[in-house]
Amino acid sequence: MADSPVMGEYFVILALENGVQVIGLTRGPETKFHHAEKLDRGEVMIAQFTDHTSAIKVRGKAVLYTKHGVVRTDDLGSGGPTAGR
Amino acid sequence: MADSPVMGEYFVILALENGVQVIGLTRGPETKFHHAEKLDRGEVMIAQFTDHTSAIKVRGKAVLYTKHGVVRTDDLGSGGPTAGR
Amino acid sequence: MADSPVMGEYFVILALENGVQVIGLTRGPETKFHHAEKLDRGEVMIAQFTDHTSAIKVRGKAVLYTKHGVVRTDDLGSGGPTAGR
Amino acid sequence: MADSPVMGEYFVILALENGVQVIGLTRGPETKFHHAEKLDRGEVMIAQFTDHTSAIKVRGKAVLYTKHGVVRTDDLGSGGPTAGR
Amino acid sequence: MADSPVMGEYFVILALENGVQVIGLTRGPETKFHHAEKLDRGEVMIAQFTDHTSAIKVRGKAVLYTKHGVVRTDDLGSGGPTAGR
Amino acid sequence: MADSPVMGEYFVILALENGVQVIGLTRGPETKFHHAEKLDRGEVMIAQFTDHTSAIKVRGKAVLYTKHGVVRTDDLGSGGPTAGR
Amino acid sequence: MADSPVMGEYFVILALENGVQVIGLTRGPETKFHHAEKLDRGEVMIAQFTDHTSAIKVRGKAVLYTKHGVVRTDDLGSGGPTAGR
Amino acid sequence: MADSPVMGEYFVILALENGVQVIGLTRGPETKFHHAEKLDRGEVMIAQFTDHTSAIKVRGKAVLYTKHGVVRTDDLGSGGPTAGR
Amino acid sequence: MADSPVMGEYFVILALENGVQVIGLTRGPETKFHHAEKLDRGEVMIAQFTDHTSAIKVRGKAVLYTKHGVVRTDDLGSGGPTAGR
Amino acid sequence: MADSPVMGEYFVILALENGVQVIGLTRGPETKFHHAEKLDRGEVMIAQFTDHTSAIKVRGKAVLYTKHGVVRTDDLGSGGPTAGR
Amino acid sequence: MADSPVMGEYFVILALENGVQVIGLTRGPETKFHHAEKLDRGEVMIAQFTDHTSAIKVRGKAVLYTKHGVVRTDDLGSGGPTAGR
Amino acid sequence: MADSPVMGEYFVILALENGVQVIGLTRGPETKFHHAEKLDRGEVMIAQFTDHTSAIKVRGKAVLYTKHGVVRTDDLGSGGPTAGR
C-alpha cells in the first residue's frame, strides 16, 4: 500500500444529539453505502477521504468543521445557516 | 488503484428542505447521470470529485460550501445571491 | 485512467431562471459542443474542466463563482457588472 | 492523452452585447485562427488554454475576468480602463 | 517502509475528564475499530493518520485541536459550540 | 506534444486605438518576428508564452495587464507611467 | 535509510512538574507503547513523528507547542483551556 | 524541445523615448550580445529569459516592470530612483 | 549520502545558565540517548533533525526558538510560560 | 541543454553614473572573473545567475534591486544605507 | 556531487566581541566537532547546513539571525532575551 | 553539470569601507578558505551558495542583505545591532 493516503483531506464532525449517523459512500463506479458510524451527543469523529470513501453523508444534528467553513445542521431558520470562517 | 484521488477537491452541501437531490455526472466522453443522492432537511453531504464524477448538479433548497464561496439556492430575490467569502 | 483529473479546476453555476444552459465544448483540435445541461431556477452545477471539456458556455440568467470572482449575467446595466472578490 | 491539461489557466468572458467573438489562435509554429465562438449579450464563456490554443482574441463589448484583473472593453474614455483587482 | 507517513496530518486531543476514549478506525475496505486509547483528565494525545488509521472517534469531554479549528465536546448548550480559529 | 505548455504565463493586451500590433518574437537561437496580430480599439488579446514565442512587442496605444502590474502605453507625460498594482 | 524523515512534523513539550511522561505509540498495525521518556519540571523535549512513532501521549502538567496551537494540560477549569494561536 | 521554458521569468519594458535598445546577452560560457531590439516611445516589450538569453541590457529612457519593483531609467536626480513596490 | 538532509527542520537553543544539556535521542526502533552536548551560559546551539536524531531533550535554563514559538524553561510560575510568537 | 536555467534568480542593476562595472565571477572550483559589462548612467541590466556565474560584483554608483531589498551604492553617509523593502 | 545542497537552510552570525567561536558538529552517527571558525568583533559568517554539518555551536557574544528570530547571546539579564521577529 | 545550482540562495554584501573581505569556505569534509574577494567602499557583491561554497565570512565594515534581515557590521554599540526586517 502506498503512503500518500495519510495526506488526504479530513474533516471533523461533532454530534449535537444522540444517534447522529456518518455514512461513507464508495468511491468506485457505483456509489453505495459501505459503512455507517453512529455518534452520540458530544462525540466527535475526525475522518479522511480514503481509497474506499469519496463522500460522506451526515444525518442528525451536528457541526461539521471543513476547509470551506463550519457547517451547523440544526440552524436552518429564518436567517438560515451562515458560514463561520 | 492509485492513491492521489484522496487529495481531490471537495465541497459541502447542506439541505434546507426535504428531497434535495445531489446528482453525479460522469467524467467520460459522455456526460450522463450516474448517481443521485437524496438529502433531507438538515442532512449534509461532503463529496469529492472522483475518477467517475466530474460534475454534480444540486436540485432543491440547499447551501453549498465551495472554494469559491458559499452559494445559497433559495435566495434569488431582488438583491439576488451574494457570495459570502 | 490517471488520477490527477480529480484535481482539475472547478467553478459553480447558479441558475437565476429556468432553462439556463451549460454547454461543454470539446478540448480536442476541433472545438465542438459535446454536451448541454439545463438548469432551472435555483439549481446549481459544480463542474470541473476534464480531458474532454476545456471550455463551457453559459446561456441564461445565472451567477458564476470562479477563481477570478463572481460573475452575474443579468446585471449589464449602466454601471455594468462588477467583480465581487 | 495526459491529464495535466485540466489544470491549465482559465479566464472568464462575459458579453455585454450581441455578437461578441472569442477567437482561438493556434499554439503551433504558425499562429492561425482555429475557432471562433459567438457570445450574445449576457452569455458567458469560461475557457482554458489548451494544447491547441495559446491565445485568444475578443471582439466586441465584454468583460474579461483574468488573474491580472478585470478588463472591460467598453470603457476606453478619458480616464481610460482601470484594473479592478 | 516508505518515509512519507511521517508527513501525515496530525491533531491534538486534550482530555477534560477521566476515561476519554480515542478510537482508531481502520483504513481498509472495512471500517472497523482497531485500537482504543484511554485518556485521563489532563492527558494529551498527538496522533497522525496512518496507513492503518483513516478516522478516529473521540468519546468523553475533550478539546480537539485540528487544522479546521478547536472543537470542544462539552459545550453543546444554547449557543452551541463555536470554532475558535 | 507535452502538456505543460498550458500552464505558461499569460498576459492581457487591451487596444486603446485601431491598429495596435502585437508582435511575437521567436524563442530560438535567433530572435525574429514570427507573427503579428492587429487589434482594433476595444479588442483584447490574452496570450501565453509558448515553445515558439518568448517575447512580444506591442506597438500602439494599449493597456497591458501583467503579473508586474498594469502598463499603459499612452501616458508617458510629465508624471510618467505608474504601476497600478 | 531514506532522507525524508528529517522533514517530519515536530512538536515541543515543556514539563511544568516533575515526572511528566512522553509516551511513544507504534505506527504499525498494532498500536503499542514502545518508549516512555520522563521529563522533570522545566525540561523540554522536541520530537518528530518517525517511521516507528505515529502518536504520543503526554501525562502530567505540561505545555505542548504544536501547529494547531499551544495546549496547556493544567488549566482545565471553569473557562477551560484556550488555544493560544 | 522541452516545455518548461514557457514558465520562465519575464519582465516588461516600456520605452519613454525613441530608440530605446533592449539587448540580449548569451547564456553560454561566453557572454556576448546576440540580439538587439529597438523600441520607440510608447512601445512595450514583454520578454522572458530563455535558453539563449540570461541577461538583458536596456539603453535609453524606459520603465522596467520586474518582480523586484518598477525601475525608471530617467529619474536619477537628487532624490534618486525609488522602487515602487 | 543523499542531499536532502540539509533541508531538515532546525531549532535554536540559547543557554541561560552553565551546564545546559542538549541530549540527542536516536531515530531507530529503539529510542536511546546517543549524544549529549553541554552549553554554558550564553552559548547557542543550532541543530537539525538528522537521520540519527529524531528528538532532543533540553535540561537546564534555556530559551528554545522553534517554528511553534519561543519556549523559556525558566518561567513556569503563576502565569506560566507563554508562547511568544 | 536542460530547461530549468530560465527559472534562475535574477536581479536588476541601474547605473547612476557612467562606467559602472558588472563583473561576473565563475561558479566552478575556482572563482575567477569571466566577464565584465559596462553600464553608463541610466542604463539597466537584468541578469540571472547561470551555470557559469554564481556571483557578481558591482563597481560604481548604482542601485540594485534584489529579493532582499533595494541597495544603493552611493549613500554610505552618516545614517548609512537602508534597505527599502 | 548532487546539486541540492545549495538550497540548504542558512543562518547568519555577527560577532560582538573578539574570539567568537562557530563550531561545526558532524552529521554522522557520531556527533563530533569537525571545524571551529573564529570571528572577531564585527565579523560576520553566513553558513549553511551541509552533508557534513548538522549542528553548530556558538561561543561568545554574538547575534544570530535565523528563521526563528534574532538571538542575542549577551542579553540574558532580568528580562532575559527576547525574540525580535 | 546539473541546472539547479542557479536556484541557490543568495545574499548581498555592500562594503562601507575599503578592503572589505568576502571569504568563501569550502563545502567538503574539510572547511577551508578557497577564495577571498576584496570589496572597496561602495562596491557590492551578490553571491550564491554553490557546490564549492557553503559558508562565507565577511571582514570589515559592510551591510549584508539576507533572508533573515539586514545585518550591519559597524554598529555594535550600546543598543547593539538590530535586524531590519
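Before moving on, here are some points about what is shown:
Letters A, B, C, D, E, F, G, H, I, J, K and L mark the chains as written, and numbering starts fresh at 1 in each.
Throughout what follows, a contact is a pair of C-beta atoms (placed from the backbone, for glycine too) under 8 Å apart; a residue touches a chain by one contact, two chains touch by 3 or more.
Predicted model only: the values in this text are computed from it and were never measured.
Where touching is counted per the definition, chain H and chain K have no chain in common.
Traced through touching neighbours, the fewest hops from chain D to chain L number 4.
The minimum number of touch steps linking chain B to chain J comes to 5.
Overlaying chain D onto chain K using CA atoms gives a rotation of 150 degrees, to the nearest 5. Computed centre separation for the pair chain A/chain J is 55 angstrom, with centres defined by C-alpha atoms.
Computed centre separation for the pair chain B/chain H is 48 angstrom, with centres defined by C-alpha atoms. Chain centres here are Cα averages; for chain C and chain F they lie 27 Å apart. With touch defined as above, residues shared between interfaces to two or more other chains in chain K number as follows: 2-5, 7-8, 11, 48, 50-51, 66-67, 74.
Contacts between chains close into a ring here, every chain touching precisely two others. Following neighbour contacts from chain J out to chain L and onward until the ring closes gives J, L, K, I, G, E, A, B, C, D, F, H. Of all residues in chain C, only 2-5, 7-9, 11, 25, 27-31, 48-51, 54-62, 64, 66-69, 71, 73-74, 76, 80-83 touch chain D in the complex they form.
Considering their complex, residues 1-8, 10-12, 14, 16, 24, 34-35, 37, 39-48, 50-52, 63, 65-67, 70, 72, 74-75, 84 of chain B touch chain A.
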